[in-house]
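Each of the next two complexes has chain A plus one other chain: chain B in the first, chain C in the second.
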Partner chain A sequence: MSTQTADRLKLIWPPVLIAVLFLSAWQLLVVVRDIKPYLLPAPSLIAENFFGDIALMWQTALYTGTTAFLGLVFGTIVGLVMALLAQRFIVVNNLVTPLAAGLAAVPIIALTPILNNMFSITSRTPRVLVTAIIVLFPIFVNVTRGLIQVQPVQLELMRSMNAQPRTVLRALRIPNAIPFFFTAMKVAAPLAVIAALVAEYFGGPQQGLGSRIAGSAANTAYGRAWAYVVAAIITGLMFYLIVVAIERWTTPWTGRTRSA
Partner chain B sequence: MSTATTEHAVHADGIWKIFNEGQPNEVTALQDVNLTVESGEFISLIGPSGCGKSTLLRVIADLTDATRGDMRVAGHTPPEARQQQLYGMAFQQAALFDWRSVRRNVELPLELQGWDKAKRKARALELLDMVQLADFAEHRPWELSGGMQQRVAIARSLSVDPAILLMDEPFGALDEMTRERMQNELLRIRKETGKSIVFVTHSIPEAVYLSDRVVVMSPRPGRITHIIEVPLGSERDEDTREADTFFDAVTAVREALRGRVGGSDARAKVGEV
Partner chain C sequence: MRNIARSRWTQVVSLAAVGVLALSACSSSDSSSEETAAEETAVEEPAVEEDTEPEETEEAEVEEPAADEGCAELTPASLQLQWFVQAQFAGYYAAKDLGFYEDNCIDVTILEGGVDIVPQTVLAQGGADFALAWVPKALASREQGAGIVDIGQVFQRSGTLQVAWADSGIESPADFQGKKIGNWGFGNEYEIFAALGKEGLDPASDVELVQQQFDMVALLNREIDAAEAMTYNEYAQLLEAVNPDTGELYTADDFNVINYADYGVGMLQDAIWADEAKLGDADYVDLAQRFVTASFEGWIYCRDNPQECAEIVTANGSQLGASHQLWMMNEVNKLVWPSPAGIGIVDFGEWQQTVEISLNSPNLEGATVITSAPPAEAYTNQFAETANAELTNMGLDTTGDDFTPIEVTLNEGGE
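Up next is the complex of A and B:
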C-alpha cells in the first residue's frame, strides 16, 4: 500500500510543481510589470473572486453544467441511433470520413440565434439543442466507425458459426464500438460544456457561466470574469473525468493490445 | 457423430472457382478440384501462395461459393453444413473477442445455438480442460500468449462438437517451438475426439507430421497436382519427427511441390492462365 501511495505521489508532484511555478511566474509578472487587470488579472485577484463567492460559482457552474449534461445525453442518444442506422447502410468505411468532414464544417454555434427564435429564448431548450447537435457529431462518426471496423476474420468466424446479422451486431459490432464510443465521449463531454457556455452569449437567461463571463467583463469586473472562466474549466474537467472513470469501470479491455 | 460417420467428411466433385469470370481480370482460383476426405481422416492442403488451398477451405466452409462443381460436407451442401454447424473453424488469427473472458469466447458458438447458461459453461470448461487452459478460464484473451490464444480458438471450434474441423494455417503465426507443441496437442485432440480435419498449411514438415494424406496444390490456375499418403500410422510423437519414414514423406511432398511448379518461389515463371 505504502509503495503504491509513493508511486501515486511520484505521478502527481510534477504537474503540481509546474502549476505552482506557472502561477507564481504569472503573479510576479503582473506585480512587477504593473499589468492592468483588463489585460491580465493576477492569479491572486482571480482566486479572491473565485473563493470569495464560491456559492455563486457553484450555482453558476451547476446551471451551465445542467444544460451541458442534458445536451450531452440527448446528443449521445441521437448520435448512437444515427450510427446504428448508418452501419446498416454505409457498408464501406471509406464513406464515413467524407461524411464526418462534411458534418464538421457545419457552423453549429451560429445556429443558436436561429434556434433562439424557433424555441423560446427564455427557456433552456435552444442551448440544450445546440449542445446536443455539437455532441452528436463526434459520437456519430466514431461509433459508426467502431461498428464498421471489425476484423474481417471475426466476421468470417461469425459466419462460420452461422450467426445472423442481428447477432453479429449484438455480439461483435456493438462491443467492438464501445472503445470508439468512449474516445468520442472524452471529446464530446468537455465540448458539451463549451457549447452550453458559448450558447449563452446569444441572449436568454443570465444565470450561466457564459452570461456571467460576458456580464462581468462588460462591467470591468475582470477578476470575476476570470473566476467564472476557472469555474468553466473545472466543470469541463469534471465532465471529462467522469467519462474516464466510467470507461475504466465498464471496459477494462480498452487500451489493451488487440488479440492477434 | 450422427450422419457424418456414414458419409465422407468432405467430397469435392469438379470444383471450380473463378473470380471475375468473363472479365479481363479473370482469375481461376480452383480448377476442377476432386477430393474426398474420409470420415476421421486428417488431410493437409499445401502449396505456395495463390494455389487456392485457402479458397478450397472457404468453399467447404461456405464462406465463398464454388463457380461450378458439387461440394458435399458430411453429406450436405456447404450452406446446410454451416447452418447445422457440422464443422468448426479455426483461422491463422485466433480472432478472440477481447470483451469476453476466455471461457465465454469458447461458449460463443453454443450461445449462438441457444444453449442454456449452465450447460454452456460446463461444456466450455470441459474443452478448456482438454486444451490444458482450465486455469485461464476467467482470464481475458490479451493476457494469454499467442499459442494459448490459438488453443482457445481450437477449443471454440470444437465446442458444438462438429464432425469436421477446418483449420486455415492455425499455427502460421506461432514460433517454431510453440508450433511443434501445438501440433502434438492437435494430434492428441484428434485422437480423443475422432474428428475429420482439413488443415491448410505452408509448412511441409507440419503437413507430414499431422496428416494421413497431404494434398499438394499448385497455382495459376489453382489445382491439385499430387495426393501423398503419409505412412506414419496413428501413433506419432516427437521421435516421429526424426524417423526415416518422416523424412521420406517430407521429401516426397517437397518433390511434388517442385514437380509441376519448379519450386515454391517460381510462381512468377509460370504464366499459363
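Up next is the complex of A and C:
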C-alpha cells in the first residue's frame, strides 16, 4: 500500500514541479519587466480573479459544463447507433461514413450561426447540437472500428457454431469495441467542453465560459478572462477524469498494461 | 479513415486556437509602453507651436497652391479601425482619397478591424500610429496599462438604440423587466447595464440578457423582445427587411425605438486615440496634429457631401449596398454634427457621464468597466483646438450649427 502511494508520488511530482517553475518564471517576467496586464496578466492576478470570485467561476463553468454534458451524451448515443447500423449493414456504412466525415469537417464558426437561427438563439439547443456534432465523429469512427475489427479466428468459431448475428454482436463485437469506445470518449469529453465554449461566441445566453472569456477580453480584463480560461481547463480535465474513472470502474481489465 | 480522423484533429486544434485568439493578442511584448511614466510632461509640448502651421519649413514660400508640393516627403502613418470599411469611417477614407492627408504630408494606411481586433490594444502595442475606439472600452484598456490618449472625440453623441416591436409594450428601459433583452457583448453593452441600473433593475435577475449575433434575425423572429442596434447600421437592417405579412419593407412605425442618449445613459463612442508614450516625441506630436486636422477636414467634407462620401467608402471595398451606405453616412453625420464646441472637442459633461457609468454600472458578473476614475491626461483637447483654428482659417465651418441631415430611402437588403 505504502509503495503504491510512493509510486504515485513519483508520478505526480515532475508535472507539479514543472507547473510551479513555469508559473514562477511567468510571474517573475511580469514583475521584473513590468509588463502591463493588457499585454500579459500575472499568474497572481489571474489567481486573484479566480479565487476572488470562485462562486461565479463555478456557476459559469457549470453552465458550459451542462451544455457540454448534454451534447456529449446526445452525440455519443447518435454515434453509437450509427456505428451499430454501419457495422450491420454495409449500405449504411457506405452512406453514413462520408456523411459523418463531411459533417465533422464543417467548421463550428459556420455551423453555429446557422443553428442559432434555426433553433432558438435564446435556448441552449443550438450549442448542444454543435457539441453533439463535434462529439459524434470520434465516437462513430472508433466504435465502428472496434465492432468490425474482431479476431477472424473468433468470428469463424462463432460462425461454425451457427451463432446469430445478434449473438456475435453481443458476445464478440461489443466487448471488442469497448476499449475503442473509451479511447474515443477520452478524446470526445474534453472536446465537448471546447465545442460548448466556442459555440457561445456567436450569441445567445451570456452566462457561460465562452461568452465571458470573450467579453472580458474585449474589455481588456485579461486577468478575469484568464481566470475563466482556468475554469475551462478544469472543466475539461474533470470531463476527462470522469471518463477515465468510469473506464476503470466498468472495465478494470483494459488499459492497465503499463504497470505490468 | 485514420487520415480523415487526423485532419479532423488538426482542425479542432486550430478551432481551439481561434477561441483563445483574442487572449493571445497580448502575448507579444513591447517596450514602447514602458516609457509612459518617464514622459508624462509630453502633453504640454505642442502648445508651444500652437500657431505655427504643422508643415515643414519648405512650405513657407508656397502658401496657397496644393500643399503637397511643399512636402519633402510623406510621413507614413496608420489608423486602426474598429470594423471593416463602412461609412462609419467615411471621414478618414474621404481625407485619404481627396488628398487631405497628402496635403498635410502624411501617407495614411487605414487598417480594417474585425471581431477579435481591439484597436486600442493594437495602438498600445505599436501596431498602429492611431486607433479608433469607443471611450469606455479604451478607458478599460488604459486602466490595464495601455498608455493611450483621446486626441479627437469625433462622435459627439452615442448612436446606440434598443429596438422593440411596436406591439411589445416596451417603450422605455423601465419596460425591460422580465423581457429578453438582446445585446452584443464584447464591451458594447454598457449603456444597457446603465439604463437597467437607473431603473433599479438587476441585470442578473430582472431581465434575461441574450447576446445577439451580428444580424437582427433574433428580433425579426421575435425570439428576443428588444435588440441593441446602432442608428447607422442595425436599425437600417430592420428597415431593409421585408414584412412577410404585407410583402412590403418594415417601416419605423413597426418598431419602438429607445435612444439611450435620451435617458441620460449615452456613452461617448468613436474617438481618435494616440500613443501616450510617443506624445513625448515632437515628431509624433506633429504627425498627430496633422492627422487630426486632415481627418476633421474629411469629416467636414462628408457632412456637406454625404452622397459622394458614401461612394468613396464603397469604392474602398465596402460590401454594403448603396442605400444602406448612404443611410449610414447620414446617421453618422448626425452623431458628429453639430459639434457645438468644434469638431473633435471632448464635451466635459459627456465625458463625465461616460466615466460615471463606467465606474458605477455593474454587468452580469458584477464587474464594472473601470474601477477608478481615469486621470485628466486620458484625453486632451489641444489637438482638436488647433485643428479647429486651422480649419476655420481655411474658411471651413467646424461646428456645423446649421447642419441638416438628408432624407435617405432604404431599399430591400440595403441595395
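Going forward, the second predicted complex is superposed on the first by the 238 of 260 C-alpha atoms of A that agree within 3 Å, B and C clash if a C-alpha of one lies under 4 Å from a C-alpha of the other, contacts with A are read in each partner's own complex, and residues count from 1 in each chain.
By definition in this document, a contact is a pair of C-beta atoms (placed from the backbone, for glycine too) under 8 Å apart; a residue touches a chain by one contact, two chains touch by 3 or more.
Since this is a predicted model, take the numbers as computed values, not measurements.
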item	value
Which superposed partner A:Glu156 touches (first chain B, second chain C, both, neither)	first
First (chain B), second (chain C), both or neither touched by A:Tyr201	second
Touched partner set for A:Met238, first chain B, second chain C, both or neither	neither
First, second, both or neither for A:Ala171, with chain B first and chain C second	first
Partner chain(s) touched by A:Arg224 [first = chain B, second = chain C, both, neither]	second
Contacts of A:Leu99 with chain B and chain C, given as first, second, both or neither	neither
Per-residue touch tally on chain A - higher for chain B or for chain C	C
Partner chain in contact with A:Ile77 - chain B first, chain C second, else both or neither	neither
Which superposed partner A:Ile108 touches (first chain B, second chain C, both, neither)	second
Residues of chain A that touch chain B when the two form their complex	151, 153-154, 156-157, 159-163, 167, 171-172, 175, 178, 251-253, 256-260
List of chain A residues in touch with chain C within their complex	33-40, 53, 56, 97, 101, 104-105, 107-109, 113, 116-117, 120-122, 134, 137-138, 141, 145, 191, 194, 197-198, 201-207, 210-222, 224-226, 229
Contact set on chain B toward chain A in their complex	61-63, 82-83, 85, 87-89, 91-99, 108-109, 111-112, 140-142, 144, 146, 149, 166, 173
Parts of chain C lying in touch with chain A, wherever the complex brings them together	1, 4-5, 7-8, 11-12, 15-16, 18-20, 22-23, 26-30, 33-34, 118, 120-121, 124-125, 137, 140-141, 143-146, 180, 185-187, 208-213, 217-218, 221, 223-224, 363-367, 369
